[in-house]
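Structures incoming, each one as structure tokens.
The two complexes that follow have chain A in common; it is paired with chain B in the first and with chain C in the second.
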Partner chain A sequence: MAERIGRRRQIAPDPSFAARFEELTRRLSEPQPLAQARARAFARFFELGIPTRRDEAWKFTDVTRAVNRPMRLAEPRPVAVELLAPYRLGGEQAHRLVFLNGRFAPELSDCARLDGRITVTSLAELARTRPELLAHSLDALDDGRSFTALNAALVEDGAWIELAAGSQLAEPLQLLFITSGREEAVMAHPRCILRLGPACALTLIETHVGLGEAAALTNLVVQLSLAEGAFLAHDRLAFAGANQTLLAKLDGELHARSRYCQTTVVVGGALVRTEQELRIEGAEAECLLAGVALPRAHETVDNFVRVHHRAGGSHSDQHFKSIVADRGHHVFAGKIIVHPGAQKTNAYQKNDNLLLGDNAEVDTKPELEIYADDVKCSHGATCSDLDASALFYLRARGLDLETSRALLMHAFAREVIDRLRDESARALAERMVTARLGERAPLLRAEPLEEAS
Partner chain B sequence: MATAIETVREVTASEYKYGFTTPVEEERFPPGLNEDVVRRLSERKGEPAWLTEWRLAAFRRWQQMEMPDWQKVKFPPIDFQAISYFAAPKQKVRPKSLDEIDPEIRRTYDKLGIPIREQEILAGVAVDYVFDSVSVATTFKKKLEELGIIFCSISEAVREHPELVRKYLGSVVPPGDNFFAALNSAVFSDGSFVYVPKGVRCPMELSTYFRINAAGTGQFERTLIIADEGSYVSYLEGCTAPMRDEHQLHAAVVELIALDDAEIKYSTVQNWYPGDKEGRGGIYNFVTKRGLCRGRRSKISWTQVETGSAITWKYPSCILQGDDSVGEFYSVAVTNHHQQADTGTKMIHIGKRTRSRIVSKGIAAGRSDNTYRGLVRVLKSAEGARNHTQCDSLLIGEHCGAHTIPYIEVANRSARCEHEATTSKISEDQLFYCRQRGISEEDAVALIVNGFCREVMNELPMEFAVEAKKLLGISLEGSVG
Partner chain C sequence: MTALLEIENLHARVDGKPILKGVSLSIAPGEVHAIMGPNGSGKSTLAFVLAGHEAYEVTDGSIRFGDEDLLAMEPEERAHAGLFLAMQYPVEIPGVGNLYFLRQALNAVRKARGLEEISAAEFLRKAREEARRLGIGEELLKRDLNVGFSGGEKKRNEILQMALLEPRLAVLDETDSGLDIDALRVVAEGVNRMRSPERGFLVITHYQRLLEYIVPDVVHVMVDGRIRRTGGPELARELEARGYEAFVGRLAA
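Moving on to the complex of A and B:
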């Protein structure tokens, strides 16, 4: 019997989820269409269950322990402004939405300079003013993933962001998510819906910061759509707490000649899973994804990527790296799907891993699924310790072992960090990475904090 | 290269030239599978009680198991009760000399281009012929015996060398390993057995030729090869089947065991009937092949050329247990029309400084689907393990699919793993270059494809390389222009 259970692809969610759902619907008492959409999503969540490692999408990561347990719905907890200062990115001119435990905090946000080019509404407000629109959006995304359904059922806040046609914003927009808990485990399910009209341009900085030692789950869903010729640079920085789980689902739609550049840096978090499904629907679109993760201790970072080429002449590139120390675990499961007729597609995928801990593990699965012949697709994956000859080169020039190692690791991570669009995001990422790689390397002097903020 | 072009020309009208059936009298069980059938099968073969029990245990395991559904290939559910689990050419006693073999069977192998006698003398290849479920002849036995090499059918090995069979059977692929391995363990009818004693280098290629002849049957053969310390053996496997509208199941199990300093080279040219242009008929080739490098510095090398079968679904694997052991996998998989292939390998690194190399070439044409699925797993104990994987896919036509699904799992920091894969079509430049020099398009494609596969072809023993190159041409016929 035990074996049978062990072989199941999903397990039933903890009964406390039902209690939380009831609690939430009672508290919000929303109008019919929205309440129904939530109920449908919640039923779907129960139907899908919590995936086990028998589920191919979760083959390398056990999510059940982190997620399937009683958790309270997170309350917004006040946070000292000074604590946030280092994470306020994008410079003076940036628009900034701050979320405390998944709830929009207007007093900490910078929305004063928002004008007609960009519309920003908190999801809680949208639920009050246009419940049918939110209900429609929740219904629109059913990807067969239980956590997406759970998000739709329990979402309390987030952002609805729309850029009118032709709006090109020079200043970035930052979404800053702060998660902090006390003793009890809490969960938050924010959702962001981002729509870029034709020929829009935006730099989006998404930052996740975990404060405190308490266990917490952030289950974020981002729905993205880029109209013809739109451009979105998406810098994602995750600095989650040692006992925090971050599940970030991104669902994106790219239309003709649109360009999407995403760069992710993950430093910290018990479990950080970024899952993305990007669909190229129009010709000559471009989708560039890069990421670097530095799991250590017992941390797990899991990247799950699906890029669909449904239209010809498009280009996609995935480049994910990791530096794994101690008992850290890095997972990359990327897939390029070239659908029939998507000729002249160029798609690349690369996963490089530095395995530094004696008990560390790397699992990688770069997949190609191709149904059109006139394409150029390739992938590569590597995994090893630092290159002995490169170390020798540096040591022969008088650098000590620690410095040599740090220098090589730093260079390895730098390739991704340099791709961050926003300068302040780059500086912060650099700082966090340098701090993580160890302070014993005098050559790698960290930038002062002031410059980063 | 010249051969491929010649062959493509030669066979432009032909499709599957091994599609004939042989009218031999045969003995077979009625369709269906239950414990009784397993018992009767075992009894019919005069097996000892331990083997009957072993089969029954496997059968009970199998009944508990479900057909896996993770594979990329699609096929309607198989009715395991509609298959006859034993079909054998009728013959009371096993022929004492080759002259006693049923002339019809002899003619079949002649048509396949392997006259038993000639091959024996000319090629110097020792061959075990498996016709439907039963091994019909083994050549060169005497000469091998002088060296202490045992090469016989597995039924014979059960009778003559029970201690060896009992020791190693199921030691690499346990009966409950997977759905089809369990089925095979319960109903395997025959197959080849090889034992190479300590320090002996087998002087000739050993070979098995498999043929499915009877309709409504499946073939479940079992191959067991043991290379004792310091020995070497090269083993070839070839297969064909008649053209039929029904799908036939071929669920074999191959187990290789290499002890200290031993080397096994296993080559397959798989040319089972692939079905017709519309995807009717053809063999389901669901095979479990696994090698265990048990000894230090042992080596197992798989080379396969997969051109046939409606569905190919197999992963010849190496378990690199001994320190410094080496695993290799070279594969060409060609699919055309409605063929489906989901094939690749597994390299499990356990011992220190174990090395593995994977070269896989997939060619998809017509409406076929060609998937490489592979696993490289480096366990924590595999200090200094090394892997290099290369898989390339070639697409011919816009209705086919080529997929690559590699799994790389590394738990030792001193290991070094590299994986690279590409997918593309035949380059216009290369085609243009050939066409400009007066080579027709079809010839040019054959030329380029052969070049694409060269790395793997070079690994094949000579006799097979020629055949494999020809097959490549035939398989891709009608896919260009």
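Moving on to the complex of A and C:
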């Protein structure tokens, strides 16, 4: 049986998905254009099926077990405010949208300071007030991926965020997703649509936090567009629960001279798949992606990246890292596509992995596809254990083996953590990484030293 | 009086290849010994064996450090006991701040020696003072450990670590190579400041010049994994004048 499944690119979705879809449409009873868009998406999901490892895009990760089983639509379970406190990032001035199991929770959010520069509407509200707009937006993104279609069919909430031309926000915007379940497996399909007008600037902090031991699937879709000269710093932190699956799809469009800086830190989650497709559509845009993942135990972190250069004179740079322990598994499949005519493109891609132990696994597949001749591109991947001579050097100065190892791992992760734009995001990432690597590596920052001087 | 370091009939190999073939050497507290010898004769190998590098496998012989069996100790335990190796090629460690590391190392060593952790302020004061004496700028202290340091800066940084860790025995593996004349004097002064009746030094070098600044009590010549001759400072001058060629030739004959 398992053999035969393995031979097909897709398998049929569990029948419970159809039941959930009916349940949802009945409950929401939305007007035609939106109901139809959902129905189209759901048909598309069934057509695409659940991808197996035969599907190139899922070559190294078996998603079927985590996803293709009966799950209920998640209810927004209340969460104690204190539990959220450590994850509220961006400082006093930040705008903050909190989602409980995929549903916008206004009572936990901070939207009071929103003004004309930025418009935020929950997707549930948008579905009521402007169903045709949401329908159009759901239709607009068909990337041939099952889970994007499933999201369009089952999305209940999320956010529609627009920045008017020239809006430059000094304070960050945080999207905080809390996933918690009790016993039964639940799923949520939030979607966020973020549009930055010309010459806008924003720091976006996206945080995923898993609470509780129950199995849960969060299937997020984020649609980004950066108009000419816009700037978006995007800090992503994922701390999913041990039995939780996070599928985070990002679809982005970068116009001329826009700049996008994304930094992702993943600590925890049975399966975390970050998938992104970024299209540089205008000249001289910049797209900088960095990430570090620390899977351990039986966790998998799968990072799937496509960067398209469709216009010339642009720069993209990817630096993804992982520290894999126990039976942890990290997948990196990244491709840079330089389309015809995208001359004077600079595009780089690097994947560095630290494998701790014989059972840790890394699959890495950096790729370049170049259809222009005047470009500078490079890609590469490394896999290694901790550097023996560095380890010896530290020990020879008196640090014990465990501390030395933790220090080197921490140093490896730090290069990415340091790129997080928001200070509080950096501090939280640092704490999570330290906790995971063992308390022995005290925080690497030099602040206490500086204060003393 | 017990020796500070007592090496007897030491044999060691790397990758299954014998490198040290019966080294015996005894350093008393307060003494400075120099080891000279042609490239590939095993000087760095001896230094690494002393510091406990696991790539170097000891197949015979013994090393006592004070009253302890050095070979039974982990590298960090050797550091705690007061052994310091200034490496020929100090390792670059990105992501670990130089000052941060120095404080961690100092506190690890102090803790093992039953001393209290040093306060941040006291540490900074000491580190800055030593750094100033060694001509190490503030910028270098703030950089990642050895990353992008010039050859000479790396060597000075090793001496800075030594000065703060206050070892009982310091092994300096070609600390002079790559140094300009002024830096050589600065580093040698750093070493001389630390000379004391309790502390010993094992200085590995190719050049007589260093030994004019750090005047050794004993000079050894290592050839092909053995100490072939031992003498006073005049032996270094003899080598400088005649080279190893005649030496090796005469011995081989």
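Just so it is clear, the second predicted complex is superposed on the first by the 435 of 453 C-alpha atoms of A that agree within 3 Å, B and C clash if a C-alpha of one lies under 4 Å from a C-alpha of the other, contacts with A are read in each partner's own complex, and residues count from 1 in each chain.
Operating definition for what follows: a residue touches a chain if its C-beta (ideal position, glycine included) is under 8 Å from a C-beta of that chain, and two chains touch if they have at least 3 such contacts.
Model, not experiment: these values are computed from the prediction.
In the superposition on chain A, A:392 makes contact with chain C only, while chain B stays out of contact range. By the document's definition of touching, neither partner reaches A:26: not chain B, not chain C.
Within the superposed three-chain model, A:414 lies in touch with chain C and out of touch with chain B [touch as defined at top]. By the touch criterion defined above, A:384 reaches chain B but does not reach chain C. Partner chain C is touched in their complex by these residues of chain A: 387-390, 392-401, 403-404, 407-408, 410-412, 414-415, 442, 444, 446, 448-449, 451-453.
Residues 56, 60, 340-341, 343, 353, 355-385 of chain A are the ones touching chain B in the complex.
If you check the complex, the residues on chain C that touch chain A are 51-55, 74-76, 78-80, 85, 87, 90-91, 93-97, 99-101, 103-106, 108-109, 112, 119-121, 123-124, 142, 161, 165.
Of all residues in chain B, only 70, 380, 393, 395-425 touch chain A in the complex they form.
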